[in-house]
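We just call them A, B, C and D in the order they show up, numbering each chain from 1.
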Amino acid sequence: MPTDLLRATRAHTLALAAPLSDEDAQLQSMPDASPAKWHLAHTTWFFETLVLAPHLRGYRLFDERWPPLFNSYYESLGPRHARPQRGLLSRPSLAEVKAYRQHVDAALADLLPTADAATLALIELGCHHEQQHQELLLTDILHAFSCNPLLPAYEASPPAPVQPAAQAWLRHEGGIADIGHGGPGFAFDNEGPRHPALLAPFEISNRLVTCGDFADFIEAGGYREPLLWLSDGWALVQAQGWQRPAYWLDDGRVFGLHGARAMDPNAPVMQLSFYEACAFAEWAGARLPTEFEWEAACGLPGFAQAADQAWQWTRSSYEPYPGFKTAAGAVGEYNGKFMVGQQVLRGGSLATPAGHARPSYRNFFPPAARWQFSGVRLAR
Amino acid sequence: MPTDLLRATRAHTLALAAPLSDEDAQLQSMPDASPAKWHLAHTTWFFETLVLAPHLRGYRLFDERWPPLFNSYYESLGPRHARPQRGLLSRPSLAEVKAYRQHVDAALADLLPTADAATLALIELGCHHEQQHQELLLTDILHAFSCNPLLPAYEASPPAPVQPAAQAWLRHEGGIADIGHGGPGFAFDNEGPRHPALLAPFEISNRLVTCGDFADFIEAGGYREPLLWLSDGWALVQAQGWQRPAYWLDDGRVFGLHGARAMDPNAPVMQLSFYEACAFAEWAGARLPTEFEWEAACGLPGFAQAADQAWQWTRSSYEPYPGFKTAAGAVGEYNGKFMVGQQVLRGGSLATPAGHARPSYRNFFPPAARWQFSGVRLAR
Amino acid sequence: MPTDLLRATRAHTLALAAPLSDEDAQLQSMPDASPAKWHLAHTTWFFETLVLAPHLRGYRLFDERWPPLFNSYYESLGPRHARPQRGLLSRPSLAEVKAYRQHVDAALADLLPTADAATLALIELGCHHEQQHQELLLTDILHAFSCNPLLPAYEASPPAPVQPAAQAWLRHEGGIADIGHGGPGFAFDNEGPRHPALLAPFEISNRLVTCGDFADFIEAGGYREPLLWLSDGWALVQAQGWQRPAYWLDDGRVFGLHGARAMDPNAPVMQLSFYEACAFAEWAGARLPTEFEWEAACGLPGFAQAADQAWQWTRSSYEPYPGFKTAAGAVGEYNGKFMVGQQVLRGGSLATPAGHARPSYRNFFPPAARWQFSGVRLAR
Amino acid sequence: MPTDLLRATRAHTLALAAPLSDEDAQLQSMPDASPAKWHLAHTTWFFETLVLAPHLRGYRLFDERWPPLFNSYYESLGPRHARPQRGLLSRPSLAEVKAYRQHVDAALADLLPTADAATLALIELGCHHEQQHQELLLTDILHAFSCNPLLPAYEASPPAPVQPAAQAWLRHEGGIADIGHGGPGFAFDNEGPRHPALLAPFEISNRLVTCGDFADFIEAGGYREPLLWLSDGWALVQAQGWQRPAYWLDDGRVFGLHGARAMDPNAPVMQLSFYEACAFAEWAGARLPTEFEWEAACGLPGFAQAADQAWQWTRSSYEPYPGFKTAAGAVGEYNGKFMVGQQVLRGGSLATPAGHARPSYRNFFPPAARWQFSGVRLAR
């Protein structure tokens, strides 16, 4: 099974990069985003550093000068090229990075038949790590393309139309819910320990807020009414002149993977910041669900668009679950050290690889982030 | 009772400002801090604007040009002088601001005998609001003095010595705890609604971390070991060259309200950021309590230094309690709009006015704040 | 003569500070400006450090902790309090600084009868230095007051009306002119060496550009036409939203030492940046004179408003004259190290102390400076 | 002749870009630098916009969406893509830009046989403009490569060794010198009007300061002695931690077009800022020449390394010559609007195209610029 997952994952990353030119793959449009080429290399470095170097006897690094270039944030794995400068790495070339991938894939294939359980677990982690970067590869290239006045389309074809159900409130009776990953499959460390949480009764929307809904908010002056906004959000509205979602153009079109297209009122609104999500909810007389409410409710009958359209901001900040401990070694840096100043998103998006998300999955971003496939599901 | 509270509160603010010269009272050492003179005026503006103008027939504003100068952050109460420029208001003078206080005090005395319950509640809110600013007046002047190479002392006398009990762990069995303000007395809106929370069993320290404890952390290289730190915290350690708490001098002394004094190993360590608190806890093999644990445990026998030394960072971000709704009107802006990006502190400090804090009291600051009387109580 | 100059200069500084409260005297509204109290102390420190400490036997520093507080920029005279933090020095108080002045004045009086020529020259330098700070005291308090929405007036009385002559062009035939200080009196080092300069024939205006002239420029769209502006200037127009001179209010009034008053079309326009001066000249079909043209022309018959209204931006950057050498020791830091990135202004202003300026006098500021008494005299 | 110049110039730019991959050609390492691909396109846009569109009947723009992408700073030629975002243009691709060049080259070939004198003059200007960008293409890619830890070499071959003459002072007797372009050939507008300038006698070095000379300055503590530096320069030394020239590595190697190589003590020191040049001169007991001295002296017997190694900072700021007027229309924006805040460099460098520089040529950069082929020739 790790073999299949590994092969499929590695192939899918390449497939995602296939529409990109060498020049596209180099783009870094802001410090928080990374070039596609870097994603291709970093996910490979992860396997090389955490799996091959310690566990494949006789493994030789593909290039001894590269690890600092592709170490993202692991203090325990040595020095790192400055994140805002990833777009300045014209060398190694995209072709060299692809050769790096082949070299590592071949070594992993050598290792797999004799790998022990701990090594297999690391390989599985590497696959899920790479899936995370698959989505980031798309969000990051989309942001980069949004900075080009020519507004290139990642995909030339039109998007699949969305026909959401009529909005309805689903009721949850509250009580004690078991939260966190509990089954036998893979989960990230931040999804545990599984633990009970006490919920008051609540209602949650059966679907995501649509572009049409959000256009009403804009029309009603939502971006001009400070009392709808959290204080930090209103400061950004003023300082950066927000008037609509980041990818909504002033000519009525919306930019996305399929290029700039007429706004589809049925499509879920995306690329919202947490602040915009909260202001909309306030205006709509509702609120965001907590991440615990979301997890408890996501199995309710009628709960649509759970993980296939847009991540859903929650009113929960990203904190350790009771009893959470970071693992020893480098993998301990994977999640725990980011547990402050960010908000949890639940669900999954049209850019999330198939099979990646789970009901217990915790995505997280700073509240000002406006370049993810991030939308809103209301609660009350 | 509001009469007594009002008189005592108003007098105490003046008493706190008494040791300050006109020049001291003007100091603003950073955008997040305010001059003492501004605190004196803003707390008065609060009564004038929310109590007198709407509820005292025939009330005349002391000066029609002043409200924008002393409105802090209320969007619904008109324009505001830019916060970072509060220190540029040499006019009105301190004497004029004191006259403003007398004018408003006299009008409040006129109003009190005939005030209805709603108005009395606003006056009570105004008193608790002013008590909050009493502590801020001290934290802010202390920061300003810390920027003067002469290191002036707010109080010439030495501080009272602290003799803490030996460190011990207090056990709480967990279960469902009622959280939030429930009694008849005053509380801020963010302390409610009272609601049950489910806690796992935990232990909490009987006392605060001392300066001696923290010196051990420094000695052990705590400020040089990235794996102890949250990622955002480590970035600040590096960018700002943190090597010790903000008010610890490099000659072994510690700066405080009593000036620069030899570090007292028994005194609680203060003026810590949340990041430093977390790194210390990690190094100590412990963690910070959640705000729910703190509230559930603060009545345990042996729980010392609850509210008389330093506020205690918790591992809880500042979020609305289930069912929280902001009030209509300007008072709705008091707390709710700040509920993102901040951490809750519990307890109270040596600078908190007597009678101000409660077990359900929620203080909050950004995780990087290093100028409050903020310390650490460990849990595990 | 030094005795009289010293007494008069020291007294005049105090007189300029007399209208200011303790709080006013503490204001620092931007890093480039200094509090009036600091000017009072710094000019005193200059005498103490350069005259008394080395030349008065047995002199005791007024306070050993103060020199770093009041050293402005002399690397050779030890450490310095950070310039942007001068406004945070509530201590020493204004009263203590005045006592410092008396202490130093008394010591200078002791020294004068027996001072040798070199010491007398240093005292004379200290007087001219203090005169420079007299003008800065006014420009800096004016900027600080401009940041207060109450717009306090430094002087309650109205300004003297200005009745300029009709504009006329004065012709200079060019040729070799002697530039720089040549006579026996005092001059700063940057005014020499006196040297010949070759000038082409030119014309220069008999008077300064008036507020009325400048209002025409604004009316004609001068702040919206990029082709009138130097590139760096246009970038500032856009980034900072310049629409009129810095002290012109949007209600038609102009702020100055006498408070906010109706714009006087006859008064010289002031507080212009070099960029605004150049854009106006371009719009008017003229140009700014070089500093050499200005000096050669300032004695022409009809050359009015030479030094009594506003400094006049020139098209000359601040560079060393041929053969200029900085003096050894601290006085060598007085001028030379600033000779890059600034533009020369010639003349003098209504805030320049009587007897301070000369035809060879070189004032200098960065081209973006908008808080000096800086205007325009056209040439062509 | 324009035909030959045009063909040679256009071909040379392509040749300079030949060693670059598509990814290299996209790099923009700072706002002041541009990608090689952008240089290729911008120089083409210049011909298309200023020559073909107005002067070739029936000319069709290659792509109507492109002009804003490749307009550098011409306000009169419409909107412009933000300069710091040039590196985000993965589209158009390098191949498309090369097709753009062919399209414009073909149209220019059509136009040339019938072009009138004014059009030919514009074409000549376009050639000299493109030559300027040829040097910038090299300085900019060199800066970009310097940001890559792999330190790629633009050229694999070693640099030609330099064997400078022994240092000697060449004497100029001063007097009136004719400055500025006077002959029949091409010159930029900023080289005129030709005019007399009066010079005092001076001496100028026969050669440039070498890396060996500069290593002595470093060794003597030049980067740690504030009294050697202009004030703005010393501020940068401290704020940015300067310890050696920007391209000197801390392992004793120097980075350049030929990669990282052992420092050659005979080679001219380059990539110096004006501040470093001045500090070195001060330490050496000399000074920088003015641009007038340089021009008057450059024909003296023995004046070596005039234009083949490094541009030479002068002690002259970039100002209009007497009588300078900007041309009407877009070409008027070419030079004039940059005449403030920059220093003149004279000579030429190893990256300057053959035939491009002249004795009257005025290059200019801000005093902090450290990525040009900029060195020092001393005077005294």
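Rule of thumb we're sticking to: contacts are C-beta pairs under 8 Å (C-beta built on N, C-alpha and C of every residue); 3 or more make two chains touch, one makes a residue touch a chain.
This is a predicted model, so every value here is computed, not measured.
Minimum number of contact steps separating chain A from chain C: 2.
Among the remaining chains, D is positioned farthest from chain B, on the basis of C-alpha centroids. The geometric centre of chain C is 36 Å away from that of chain D, both derived from CA atoms.
Note on chain placement: the centre of chain B and the centre of chain D lie 57 Å apart, centres being C-alpha means. Chain B and chain C, compared by their mean Cα positions, are separated by 45 Å. Taken residue by residue, chain B touches two or more other chains at no position, since every residue touches fewer. Inter-chain contacts, as defined above, occur between A-B, A-D, B-C, C-D.
Listing the residues of chain C that touch chain B in their complex gives 21-27, 29, 65, 68-69, 81, 85, 87-94, 144, 147-150, 152.
By the touch criterion given at the top, residues 73, 75-76, 176, 195-198, 200, 226-227, 229-234, 274-275, 278, 315-317, 319-320, 322-323, 332-333, 337-341, 343, 367 of chain C touch chain D in their complex.
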